[in-house]
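The letters A, B, C and D name the chains in turn, as written, and every chain counts its residues from 1.
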């Protein structure tokens, strides 16, 4: 059926491979657990996905620009440790800007090495992943940091508060997604990122400042990490040195699930949101069903491949690759 | 500094190499490392080489080789994995270098090759937690468990001690589910949130350490269901201690990394001095609850 | 300066800056770390390097092919688990030391199978290998946990772990196996039709398709090779441990890719060789070993490794200006 | 020709659709053994698609392929090759990092035992083929180091590796010099004499009329008929192709030139070009003519801020300027239509409209947002003006036919309203209809006061559009001709490095 649709060019929905996978998946899970689609649970999953989600928004832009960012995990550790540690030392109103600035500096280093020196982004951000993790450990002396007065600080609103009955992390995540979506689809900067990711040489020939655009994508990614760190620090009211360990891969998985091409030049913020939610719902759904944690990994394996496959198949108009 | 120290080594200075599991993954290990170095510096006759395996078994094996290569007098190892280090330990044993295992023990097969073990008894800690849970719930109730990073010895042993003892001591307490929190507070918080959605009635939560326990507590407070819920952890962290002081956290197991580190060094020195050291040197890790917490210092980590 | 370009050794080093780097750190550690320059330590380095080195050989093939494999760490763990567990199966209980043989064979087969699955999916679905193997990295790790039930396995038979301490002449057997593998893959890549097609497929996939190379099966074979090499690495690692743990090999994919890229293989495919890869893994091995011997504090090791990685990349870029024809792009 | 013989290959009623495009609509086509059959059509008419169907790269939706009387299904290039059908691609299909020999035998490297490559045989055979093609390089060189023309020869060499039944040349001469063309035509005649059927696709009428026996014309994916070359003429073919006759004359309206817009003095980039001086006035078209590799592209790149000259001066509108980047060049009113549309001109996966507005995207805004209206207005204007064939502005530029892609790039730079417009090989791969339109357009632009530089390797092109011609050889300007004084002979001499005194 689907195959026939795909062949015929199909209605618009069949072209949204990820969306189809997402809907099928949500229906399956809701049949298997009656709690799954409850308002509480949906809110809870949205809230939980905000941290990964906010980071994924930034990484989506980096990837559309034709690069990768694997340093977001340890950068998150860095930012969270910093903001939590400074919270008690200089107060949240100073801690936040200081942390944001410091994180942007790390983003600027990435941007300089990749955008201006044109070094390979996979390896540079891998190196940064390691180096930043070391920096965090040196800064904190390997100790965890905690906010002592957890109830009396306004810092709590970012992770624990709510506005109009909706948890703040959700508002931040979805709000930011909307802003980025608008930037990427309707503003010159978004167009330039797409162009640079799609064909850097042609972009230069069109007078686009490639270095500056790439540099900016890394600054945006770092900014997203800083925002995620505020949510995280406020939600947990403390931080381990390696809170962000392995987050880079979850973030990347979400971006990929959203159908953003790793080759650069195409991708969509809103579909990244879908990818983030899908991963979060998998984790949540399987625990709701009482499955052991590793089934989550197995299911994620299958879902990633099937979803991206559907997406790729819809784009090329046939299910199997024509390669012999 | 290495060169100077090494050349200053005289006949009565001993060189001890330590390879740690994963410094920096949590404050416990960091504090341990610092305490160990302080203790060694306090003793003019000890020269230490401190290495970290970063949680990677293979790297720890290479570090064992590197230490054997340097011909140290004794090796202290905090195994990343109890079983996988057996041949490496055996190798050191063959080379005539005594091995002292610290914090979490080596597998049964390796016992004959080590000089001594020094550290807490993780299974016993699980047992303590089960006993506290039983007591707090009066033998009746439904609980969930949040474990450490899957596949690591400490996580496995604590869970094992807890599960076995709980089943034996109070069959009236049922475990609804067990999921990992990866030693990560945010992750534990997420896991707990899902538990709260899934189960209408949760009477108690056992977490593999207090860091995760506080994450679970945060989730319960946010859901407005913390009242009357029993939180029990292990490895008393400062956050756990504070939560206990506020009356939100029921109990934990007190384990001092400083004691741990000092005990390991002392055991190694005793072995080198030729004293008769018992194979298993557990240092005490008592239960800590809201009632007796004033007897303990607030943990530094 | 003219001399600089005429001397063949220097010219070779300019094209393979990683070997220059290996030379520099080798001299540096020999001078500054006490126990570094000794036959035994050098053998240690080779043995320590062989774990990621074996996988890196396979990764070189896959990356020249224009693909990547992120699932090698998990495959390694799965193979190690099989290698150790199968020995204790009742069916082989009467085989004595020979029980190791079916275990190792099965483990290697499992590795090949995992590679085949990845390769088949890449071939048939046309989904990027990065994505396919990112999924597999999670999935195969899941299989490891299903299979082991979270526990570590250990070999009852010490003959298994004794193997890793054996030597052939002055050389540890693990180093010898690694050496043979290096030569074999180098031969495969530079001398055989399959090897040349590997470059063709990575250099211009469309051209390869047009020329009638069966690109799908070809890529699948390379995925099976890396699966085999990852499994072999897992087996050898498990002999060093006499055990297998479910978390074995985490993050290895990143180190392997790093080593291969440092060795000059292009992430986009079509370019690279085994000599460079060998330099890449040795660089990482020597750095690790040297810093251990010099007792660099753990926190600083992260920073140093990360910075060096970027620095080498930078130097490589300086020396091997890419062919943008001098355009300011 | 013997009409009773079996065709070497026959296509019947081939239909092929892509999303939104019916690329082939019931096309019939046949090649006889020993025949050169030319395939003609506008850009996007479906020529390449038809040949890809033939070579097993695309599956037709309907229709059949008949080889030697047998109906065959060819699902892969391998099967096509096995049937003796060889396609020399329009876009180079080489592996740049490998040697010429390996590229020639790609997919069928000679083997020894153990799957080893038989290097000796490989190199001996490829060198023999290259010799036959009169190439002056060895088979061991890496393809990336060869000029585009030589790469094209490597591509052509592939046709000689097997006993072919049918060889398809898809625009093989786009980047060949005249001398190389002669060699190619010899080879084609050789093959023909051996009874091989040849399909020849080109936009160059002169080639088609020298080479072919029959001509088949496609239009908008439909079959328009087959003519015997001997019985027809350019005009008839053109009319079949584009539905009208072409006016190929030069517009001779008298021209007033304005002030000097661009003045280049002693510009030098060592190794590329030296001491280059010329000027272009408003309203003037200056043609740069020379052999491939003469350094014309490099001058254009320098003027566009992509290269840093070591010495010399550039004056734009009377002021000395430093051009540090394409951005700076654009700001000064310079536009460059680059030589390589796929790599330098287009973001292939981006849609046509966005590609066209890319250089001015920052200015097409309403508040902080892009103005859809302004963008579409530009696109519509230049689509109509250049007759760009695309189903909608949403189409990715990558799936357009080569000619239409080129028009998008030209449109992109015209829409910048430049003072100085540089076009580098503007009609490479473009059909005769569009070509004449582009020529007219360049003239019109000049008439509107633009200063235009046209770089071209086709003599008729420079002769038709230029007011002045600069002849280059080996990075130097040999001579400048005004259009009134130029003759074909003097031009040929100038670009071959023969100065007037040595010639005399």
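Operating definition for what follows: contacts are C-beta pairs under 8 Å (C-beta built on N, C-alpha and C of every residue); 3 or more make two chains touch, one makes a residue touch a chain.
Everything numeric in this text was worked out from a predicted model, so none of it was measured.
Counted by C-beta pairs in contact, the busier of A-C and C-D is A-C. Here the spacing of chain A and chain C, counted between their Cα centres, is 29 Å. For the pair chain A and chain D, the distance between C-alpha centroids works out to 43 Å. The centroid of the Cα atoms in chain A and the matching centroid in chain B are 33 Å apart. Contact with two or more other chains is made by residues 145, 209, 214, 298-299, 301, 328-329 of chain C. Residues of chain A in contact with two or more other chains: 133, 137, 142, 201, 204, 294, 324.
With touch defined as above, residues shared between interfaces to two or more other chains in chain B number as follows: 23-24, 150.
The list of touching chain pairs reads A-B, A-C, A-D, B-C, C-D. Touching chain C in their complex are the following residues of chain D: 55, 57, 76-78, 81, 87, 89, 93-98, 102-103, 106-109, 111, 114-117, 144, 158, 301, 305-308, 325. The residues of chain A lying in touch with chain C in their complex are 70, 113, 117-120, 122-124, 126-135, 137-138, 142, 200-201, 204, 210, 249, 252-253, 256, 261-263, 292, 294-298, 300-302, 304-305, 308-309, 312-313, 316, 320-324. Across the complex, chain A meets chain D through its residues 9, 182, 186-188, 191-192, 194-195, 198-199, 201-209, 265-266, 317, 324.
Contact residues of chain B toward chain C in the complex are 1-3, 6, 20, 23-24, 49-52, 54-59, 61-63, 65-66, 69-71, 81-88, 90-91, 107, 109, 149-153, 156. Considering their complex, residues 33, 35, 38, 40-41, 44, 47-48, 51, 133, 137, 141-144, 146, 148, 160, 232, 235-238, 240-243, 245, 283-284, 287-288, 290, 293-294 of chain A touch chain B.
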